[in-house]
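See the structures that follow.
Next come two complexes built around chain A: one with chain B, the other with chain C.
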Partner chain A sequence: MSQVKKEEIRAGTEEFRGARSKPLLECSRLASVYFKNYFREVEERAAQGEPVIWLQVDCPQEICHAMGLPVFYPMHYSALMAAKQMSPYYLNIQNQRGYFRDLCRYCGHALGCVWDHKSEIAPWGGPPKPAAVVVATFDDPIAKVYELFAREYNVPMFVIDRTMWSNFPSRFWEDPEIEPHRLEWEVEQYEGLIAFLETITGKTLTETKLRQVVDSSNQQFGYFIKAMNMVAGTVPCTITVADHMPNLICTNYFRGTEWALEHARRFYEEIKERVGKGLVACENEKIRLGWEGAAPWFSPGFLNAFEEKYGAVFVWLGYITGLENFVRLNYSDPLTALASRYLEYLAWVSHFPPTACSYYLHMAKKYKLNGFVFLVAESCKALTASMRFIQRELQAAGIATTEITGDIVDAREWDDTKARSQVASWIETLLT
Partner chain B sequence: MIAFETMQKYYRERCLAAREWKRKGGRVVAYFGNEVPEELILAAELFPLRITGNPLSGGELADRYMEYYFDVQVRSMYNEILKGVYDFADMIIIPHSSDSVLRLYYWLWEEKRINEAMPFVRPYLFDKPHTVTRGAGLYMLNRVRALKQRLEQFTGLEISSESLLQAIALTNENRMLLRKVADLRTATPPRISGTEALQIIGASLFMQKEEHNKLLRQFLQEAEQLPANGDSKVRLFISGSTVDNLQFYELVEFCNAVIIAEDVDTGNRYFDGLIDKSLDPLEAIANRYWLLPSPQTVPMAIYSSYVLEKIKSVRPQGVIFNYLQWDDAPAWHYPDLKSELDKMGIPHLVFEFQEYLLAAPQRLKTRIEAFIESIGDR
Partner chain C sequence: MYVVGIDMGSVAAKVMIMGDNDEVLSYVVADAKPDAEALAKRLMNEALEQAHLRSEDISYIVSTGYGRVNVPFAAENRTEIMCHALGVYHLFPSVRTVIDIGGQDSKCIRMDDKGRVQNFVMNDKCAAGTGRFTEVMGRALDISFDRWGEVVSSAPRRARISNVCTVFAESEVISKMTEKVPLNEILAGVCEAIVTRVIQMIQRMGAVEKDVAFTGGVANNKGVAQILAEKLGVDLFIPKIPQSTGALGACYLAKRFVARAAGIR
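Right after this comes the complex of A and B.
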């Protein structure tokens, strides 16, 4: 078979190229560089025979970091595939295999890349072969996607069965009480996960190291909270979501590592310096906006597209919510701390309405938002649900909202002109 | 066949028996799905009533807050609840089932938070695990105990082991009788149609179990007199989304076919798996509801194998996959099932992303007729 070139794939799929985001911070550049280097390091370690774990982001990655295991995140890779404009190609492969077009695309379409077996065209040379895959039953598709990964590579899978909240206090972020029976089983499952990883990899987890990683992750979140509190308080804003994405999201894959802690500190210092110097992201700032959920990864620059003409700046991203609630300071043991963190993470990321409505309003007030844009990404119920409820809450408080239809990774039906025009028209109504 | 006509009536008028029970001073628990143990509700001397959608009822109320990309059938159930169809239910139980069903729970919760006067009671979440590990089994038992406790608090009465055993005997009998009904479908020639079977099974979800068992016994006694249901018809198996109304079955069986079995939870899957009477009743109940495969079961290979076994056991001439819009969990199984059917040489047809209300069935009918004709030519 002749070698396929990336340019041919891209040219063969669509003409749309997406828009790059416009981060301002040196930290953002460093985070992107680190991620790429880390990917290469994982590839090299895999090539040398080290077992690589494929992990979903809502699993307790701190355990892997404490064991020194190289980790590959298919979810991040999906975003990368989209950013490289490869999603239509890989989604078509998935569809050709009989998986319907309306099924999960964000996390699911890494399957297309895995089934394609063409490292010469895959972003960053393609995923490293896993020794095992680890997933939590966050939603219907994700465990099925990981099962298909495991089947393709003929490797074992560990599944964390996610229990669900039955009750939410009205101000959930202040008092997120987790039912004891859920916490207990989550901890037991982590013990099973550790035994699984130790058996698969031959490496040992020490309680000392796990405690260090959990402590470090707490400090990491602490820096981000302090930094984002400063960001929320600056009008005009000192950075836009273009700088939230590489820093808050990239570090999310390295919770508790030395690099992530150092990076969080660096982010905090850089924000502090900017705020101290009175530096702003958009001199022309007139409208402050929130973006619900994940960005369209095939065109993250969409979120910077309204600054120059309208002074409309996205200053809050609903993708990494509940930062304050990931800190676990007074924990009895690190596994309980992690179990509590990830059960709560589930509530934040899933946008269950009782949590999401009051929290979004809280954030809208904190960041002094004038409006909110919701990306209706129909193939991802998990990340884009309860939009209507949230909009109701925001509108009742006088905060304008609008919806655009699209997807987090699938550019096949994305009409960039139409989406820009829709948001621009809506912004014009806010300016009058 | 008075027994069949009576079951038909309760299938059609789904709240009739529950409302009658309520009128006589009883209390009603509306629930959704095959995951909620009916035995606990029965043992608490409550009436278990399955929540279903209604394709003819529209979705205006659901549209207000539930996004369009939720399982269309769940959206319809949500609409029915908001409309007040279940306003007489004293308790609502929603299981941790599919993404859409789980969100039904949270959406109802939020509706009540916004407006306490909404015409339904605040729901209860039955948090069923999806994996099949020992830990999951223990968690399931824990949740079954919690549900028992909740029902006891609700009624003020203790649910004794004896009452649980009686409820198990009742539901096991129901399952065994329904198995005999299933045999009538797979007989050569079939004695009843899939459309009839769906109503007979479905009646169990909407009426008192004792009464349903009585009707089933009468029906089976008279079954020998049933005429052959078209020995020239093509024998089909239906796989995919829950079928809570007759539209699709009627359409298929109108096309010179008879549906002899299905994997859907309102069909044969409803009565699969007896409860082991030799065990502690709570443990036995937990095991049955935990281990019965569903499209949400992890790993997915378990449910795919289950479906294939069902297909093999009834030896259909063809399989029709029918997936409703945004009902993702069963649709993920399609490529594996298709591949296995190809190996087995069983013809199959797929309808993906189907509307809940078959507003324009002609397009489907044409494809079904062509499929059935192709099987007839083999």
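Right after this comes the complex of A and C.
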């Protein structure tokens, strides 16, 4: 019955069906499989009474991994809901409940599923009940969204009060110094978080285990950096963003775990093999493009749509980037290493000019990009606010840009024909 | 050599056949239909009949427009940006900016002295500033499209239409009618609202470069054309059949493909 109901919902809410992306790597398939298996594992552990922690992606998940806690990421689940073509259904539920349409949809999307209370139709059976939720202050609505999660399940919430750079470093990817008082404050927050988690879950964190996880995560990101450096150097490119997405994004949710380290190594080896054999993603490559923002998760295949006809290949995804900053070495204790990671993370995810502008220019040159497409997701102020500044910087350097309006998860506002036409028109101007 | 350009727009489909000397032998238009492929075939047959040609006489077909992929018998398809630019370039070689306002979308194209597109902008998902907006307003005011020019010219002032949304603007227009604001002033205000919206879009591309062409179905609307020319401070180049530039450009593109193939041989 549930399959029929799901299909009814999908058929009733939209005629448009998103396109799947076309990854080339075996790793990409494995990453997707792992995520689904992990979700099942979390469900089983929750069913057996283990406490599950809901985390926003910019929170120190390494602490949870070191404590052996099962974790769930509403943001990842939001992407899954969109990929299952159910975002119109759930977003309508949110809007009916008073969730204003122009509020963040990507990070807040899981609310629709939580409020619907219908596990029989929810993707993968719906989210596991949390024992607690953890969020860091960032864009306006996110803490409120997590508060709503906490209220819905009547569980406690921990808020990491994250500080902002007072002077954004212009080349943050070169490991600028973080103000000591900010580091101290962040570490203090983590100590509070650990105490909170230990109280809620009854589990204990040891420094040894945390150090091991942080070291593993450093190695994990080290592999990705080496792999992506190889990718940047290949012309035609050896993989496209269709392979970045599952590998970089999926492992980003498992920082420092055994699986993530092993997967990162596997990813590196597979890239190395492809480069060694001269394997390319698109024989016909004529134009190398960057995509800014997350892919439209209801149609990630959009990013492969211009290869066959135009040889236009999306080589770089400006989403999970700043990998260099994820590697935190030369710290005396793992908590300070983590604190510095997340404060650095804040520098690129904030997309503030001039730092974001110089970063995108740096990556455009590194990946030899001819142009950039900006997905202007009007509900995501954090990602979109600085897009015009970044575009101007790129244009001044002779790199073409264009923007299309859409949303990362909301298929209701996506005109696929128009979006393809717009990008195709722009590509045609680059080719003539 | 005979070539065909097919513009499958969101509101209207157009087919043009062009001869050896760039003469237009036939041009047919019909409202867009759900079965775009069948429509394209029917219009193709009508165009052939009008030109006294058979399908075997055609050397190359290029399709463009929103529904360009729904023309399976086209040898190639290209986006409307490129085709509109090319069409206008052949009509008015001095033009560097094309403002195209169609039934459901509006766009502005900047091109160089060889008709190559340098930059373009399109409207977002909103219908304000498109032909749809003019239809709604024309109905509300009960003034037919072909009379807008004379009515707008007669207005001593323009009512201010502050809403950017088509639906809310219609309500605003009705309110003004209730307040006995003269219809010509309301209509002039409507035209100004359309032009303002279009100019905001154009400004995303930077300053307007002369000469400027105005194409698309709304270019037939003399009221909008008047105010657009006034606000831009230019004389607009308007084709005799403003909706035809997409199909025209597709014809010229078809000729290029034929020439390229011949050059290879």
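Everything that follows uses one rule, which is that the second predicted complex is superposed on the first by the 427 of 432 C-alpha atoms of A that agree within 3 Å, B and C clash if a C-alpha of one lies under 4 Å from a C-alpha of the other, contacts with A are read in each partner's own complex, and residues count from 1 in each chain.
Assume a residue touches a chain if its C-beta (ideal position, glycine included) is under 8 Å from a C-beta of that chain, and two chains touch if they have at least 3 such contacts.
Everything numeric in this text was worked out from a predicted model, so none of it was measured.
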Partner chain(s) touched by A:Arg392 [first = chain B, second = chain C, both, neither]: first
Chain B versus chain C as contact partner of A:Glu188, first or second or both or neither: first
Between chain B and chain C, more extensive residue contact with chain A: B
Touching partner for A:Ser217 - first (chain B), second (chain C), both, neither: neither
First, second, both or neither for A:Glu428, with chain B first and chain C second: second
First, second, both or neither for A:Thr417, with chain B first and chain C second: second
Touching partner for A:Thr405 - first (chain B), second (chain C), both, neither: second
Partner chain in contact with A:Asn304 - chain B first, chain C second, else both or neither: neither
Contacting residues of chain A [partner chain B, same complex]: 97-100, 102-104, 137, 139-141, 143-144, 147, 157, 159, 161, 163-166, 168, 170, 181-182, 185, 188-189, 192, 352-354, 357, 376, 378-379, 381-382, 384-389, 392
Chain A-facing residues of chain B, complex: 64-70, 96, 98-100, 102-103, 106-107, 109-110, 113-114, 124-125, 127, 129-131, 133, 135-136, 138-139, 142-143, 146, 295-296, 298-301, 323, 325-326, 328-329, 331-332, 334-335, 338-339, 352-353
Chain C partner contacts - residues on chain A that touch it in the complex: 405, 413, 415, 417-418, 421-422, 424-426, 428-429, 432
Chain C to chain A touching residues, read off their complex: 66, 78-82, 105, 116-120, 122, 124-125
